[in-house]
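In what comes next, subunit A is part of two complexes: it sits with subunit B in the first one and with subunit C in the second one.
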Partner chain A sequence: MQTKSRNFYLFPYTFWIALFVLAPLGLVLFYSFTDLNGEFTLGNYGAFFTSTYLQLTLSSFWYAFLIAIFSLLVAYPTALLLTKTKHKQLWLLLIIVPSWINLLLKVYAFLGIFGTYGPVNALLEVAGIGPQQLLFTDFSFVLVSVYIFIPFMILPIFNALDKLNPSIVDASRDLGASSWTTFRHVIFPLTIDGVRAGCQLVFIPSLSLFMITRLIAGNQVTTLGTAIEQHFLVTQNWGMGATIAVFLIIAMVIIMFLTGKRGMTNGKKA
Partner chain B sequence: MSDNTIIQFDQVTKKFDDAIVLDSVSFKIERGKFYTLLGPSGCGKTTILRLIAGFTEPSSGSIYFDGKVINDVPANKRQVNTVFQDYALFPHLNVFENVAFGLKIKKMKKAVIGEKVKEALKFVNLEGYENREINEMSGGQRQRVAIARAIVNEPEVILLDEPLSALDLKLRTEMQYELRELQQRLGITFIFVTHDQEEALAMSDEIFVLNHGIIQQSGTPTDIYDEPINRFVADFIGESNITAGVMIEDYKVSFAGKEFICVDRGLNSNEPIEIVIRPEDLAITVRDEGKLRVRVDSQLFRGVHYEICCYDEFENEWLVHSTKKATVGEEIGLTFDSEAIHVMRFNESEEEFDKRLEAYVEKDHAN
Partner chain C sequence: MKQLIRTFLIVLAVAFIFIFIVARLNASQGLSGGNTLTIYNWGDYSDPDLIDQFEEETGIRVIYETFDSNEAMLTKIQQGGTTYDLAVPSEYAISKMKEEELLIPLDHELLPNRQYLNPRFLNLSFDPDNAYSIPYFWGTVGIVYNKEMVGDKTITSWNDLWDEEFRNDILLVDGAREIMGMGLNSLYYSLNSTNESELQQAKEKLHTLSPNIKAIVGDEVKMLIGNGEAPIGVVWSGMAAEIMYENEDLDYVVPEEGSNLWFDNMVIPKTADNIEGAHQFINFMLDPENSAQNAEYVGYSTPNEKALELLPEDISGDERFYPSPELTEKLEVYDNLGKEVLAYYNDLFLEFKIELR
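Coming up: the complex of A and B.
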């Protein structure tokens, strides 16, 4: 009787997972083995290992890497500063608030800001540099992506820093360590889990970005995400699009595995 | 300033926002002694430790170390090491790396570090534990690692912030002996913070009793136990019977409705005072032979002695520690020596108090 009612509560969740996670994954896998006419083929997988798609994969990883690194460089000092402020929860909230606004709206805002007649170019003109092409460059693509992803990097790092026992930092200073040595040998190694979680939260979604890529970078940046979008919406080659998606999923699983708790051993060397 | 002074506080005040944590505190710490800062939580004892360590700065006043003002010297440049209340060991490093942390920062040679760490671990009876992880160690072992991590740097002063409070009673008593012995072997200054008066009495050369950010009394354990300066100290250190009384004239005091001979003098006649009698100084006798007549209210067996709670006719409570058993509800007599009566004046400063006590001693010698 007990177990039966428990199974009953499990039903909505199982139903949801089956319909919206497992079934789509099965469909993606199924479509990846079909050609344009719906016949079974392995050609899509063959095509993926040509230089065009490998190049796309490489560039996806490269941009995701850049986005994650720059997010980390901004987020870590910010999180460190936040934990030292008096009203840290308030400041944290102010940083998180923008992430509640629709992604598309924020990206459109940047179209205005970076546009030919936007405030940035106006400023550059005043400064005597003259207007620059800002939109549709890989620079602005990385910048906007970093802006979008920063809260996801700050949160886990902030939590890790906030949990850090302050007397451990005192102990390090007490034993003669300068601020920098304390950071390098004590604070950073003890918050590496937060850094790892943040990188995961930023890197993995960055791999499959396509909306920011399209709107901000135009066709200057092509990644696996834009390739999937092209295949499904423009060339209607669902088979190829699905194949790329399969590889993207495999890549994500591998990254999750690598950056998961198993990676603890490198935190120990410091 | 004598050559032996290593740390001196001169009118040090510490405020957090508007709350005064330390109120113009002055004292001297001599080399090679075991000091204890004793007081209830929030009395400012940990703040004094953090000021010495350099984790916080005084709002006003000066802190001297070896004759030099160190108010602005950062923690990592001070010749002191701390044993923290929660040990604050580095969880990502093993025992060896924890102890070697300070030495590595001084850029010592690897062989020297290995030697020193081994020696320090031997000092705290942790030989062979070098490669253990911190989370594999018990509370008492972590405690020892924390001590080894401090002494390996050969500091002039070691600060200990309630380091025994997390241990169970048996281990705590054991560590008290070990710490005291360690301090004597090393010959360096220990400044120990605790709220446990027994710990303070057992281990210290000198105790500072603190309350509300003020040093109430300082002295050797026996001085403080035998001659508490005021009600707070008498109550905080050991158990005591405190009763209001009047100093009638020199050597004559009245309390509990009677007059008694005492050894105190030099007070104003008919000055209201408080008297302290320690429970172990009271002895039970038959009803009519005692100096006080009391009714036994309750009795507890404490192992070493009976703790007997009595009331006199004015409803003053008298606590007696006696190896003799009493009967609850019975009327008994209490007797005591005139030396057992300790007179405390209201609002007496430590300086005046010391002067008064010294005068007694001189008088005794003159006799």
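Coming up: the complex of A and C.
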């Protein structure tokens, strides 16, 4: 009786997963085996392993890596600082508020800010450096992406730091560890789960960014996401788009697995 | 396993129920569909005042949705999720839509204002006797440049863009046919080439332009060139007209090697609900005064002869936007090259974009 009612409550969830997760995934897999005329082919997979797409995959990973690293470099100290402030919930809210604004609007704002006649270049000019080409460079691409992803990095790290028992830190200091040693050997290892979660939240979506590549990087940066979008909307080569998507999904699963809780660090801790 | 099969069957069953409900909903909307008209058009491609005026005159509520490439539009109409009553595709997309039977034939009786159209733009190869389409605007692909920023260099041809002076100066629109066409034209090939080696050469040639390319962008190119962010852009004529109106330093040229002559046409896709309303709208837009107002707002060239007479001389006499018949000779209309060749164009363009840096 009990299991029956449990099954019943499970139903909406299973149903949702099946209809909106499994079925689309199945479709993606199915399409990846079709050519332009909808006939079965393995050609898409062959095409993926040509230099063009491998290069594309490599550069996507490289940019996603840069974005994750820089987000982490900014987010960790910020989160650390946040836990030390008096009104931390308020500060946290202030950091999260910008993420309520539509992504596209924020990206458009950067078009103006980074423009040749924008405020950043005006500042550089006053500083005597002279105007620089900011838009349509990989620098601006990484910077804008980092800006957009920072809240996703801060939140999990903040939660991990907030849950950290302060007496452990005090104990470390009492036993003579410098603040750097305390951070390196106590605080950071104990919040590594937050860092992992943050990196997942940033790295994986970064692989498939596509709006920013066009607006900020002017297609000078192409990611897997751009290629998928192009194949579905422009080329109409759904098969190839689906094939790239399959590889993207595989990459995501591998990343989840590598950075997941079942990773080796967890074993060490136990 | 049994559970898995059962879940799967239930999912299928529910999916069918959804399809049924949607069909019923659509049917019931059809009864009241006379009140709305869903227009699927390019961004910023009709005067909003005219839409208001149309709503006032007919009592039909207009829903205006936009797309930014023919391909994106085609995909959406093929899927058929939305009941678009009117779309404005370019000529090669129309031949494709005709092939796939995505269009509803027009009732010419309901379009008396058709008489004002210039016969030069009627009965063209992509749609004989205009059975499915009515021309909306036409124009060219060319180069817009900032005279001040370019200096004493003159730009008259595609090949001028390869000049080393223009390092990191050029913005391109994100269109496979447009940019591949530019590559082909710069080699004096036809922009409808289906020859694989010619296309490869065109891609190689485009690749050598990479150092001069600042970015490949969408509609933002208007803002970027208008603000002087870059001195040179490869754009459609109407885009150029619009920003030249705002920035006097800009000039537009149709390259001498030849270029593309395109038509955007009003069609009624298979997804339409309000076919009568769509006809009303087409006829409304063909009215010379409305057509002139629209042409002045949008900046593209009108195929409406009567409207052209109503336009001020400085617009209608401008050879850059209403090119002489001699120049028009060198312009080519995009042919529908078929799925395979088109996919090849797109693949080459994508490769070009991936290898840009």
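The rule we apply is simple: the second predicted complex is superposed on the first by the 248 of 270 C-alpha atoms of A that agree within 3 Å, B and C clash if a C-alpha of one lies under 4 Å from a C-alpha of the other, contacts with A are read in each partner's own complex, and residues count from 1 in each chain.
One rule holds for everything that comes next: a residue touches a chain if its C-beta (ideal position, glycine included) is under 8 Å from a C-beta of that chain, and two chains touch if they have at least 3 such contacts.
Fair warning: this is a prediction, and the values are worked out from it, not measured in the lab.
When both complexes are superposed on subunit A, subunit B and subunit C sit side by side without a clash. For subunit A, the partner with contacts to more residues, out of subunit B and subunit C, is C. In the superposed model, A:L19 makes contact with subunit C only, not with subunit B. In the superposition on chain A, contact is made by A:T116 with subunit C only, not with subunit B. After overlaying the two complexes on the shared chain, residue contacts for A:L134 are found with neither subunit B nor subunit C. When the two structures are aligned on the shared chain, A:L190 is found in touch with subunit B, with no touch to subunit C.
When both complexes are overlaid on chain A, the residue A:Q220 reaches subunit C alone and has no touch with subunit B. Look at A:D170: by the touch rule set out above, it reaches subunit B but stays clear of subunit C.
When the shared chain is aligned, subunit B comes close enough to touch A:T181, but subunit C does not.
Of the two partner chains, subunit C is the only one touched by A:Q236; subunit B is not.
When the two structures are aligned on their common chain, the gap between the nearest CA atoms of subunit B and subunit C comes to 40 Å. Residue overlap on subunit A between the subunit B contacts of one complex and the subunit C contacts of the other is empty.
Here subunit A touches subunit C in the complex through residues 14-15, 18-19, 23, 36-37, 52, 55-56, 111, 115-117, 133, 135-136, 138, 214-215, 217-222, 227, 230-237, going by the rule given at the top. Considering their complex, residues 7-8, 10-11, 14-15, 69, 71-72, 74-75, 168, 171, 174, 176, 214-218, 220, 223-224, 227-229, 339-340, 342-343, 346-347, 350-351, 353-357 of subunit C touch subunit A.
Against subunit B, the residues of subunit A that register as touching in their complex are 165, 167-168, 170-178, 181, 185-186, 189-190, 267-268, 270. Against subunit A, in their complex, subunit B makes its touches with residues 53-55, 74-77, 80-82, 84-86, 88-92, 101-102, 105-106, 149, 153.
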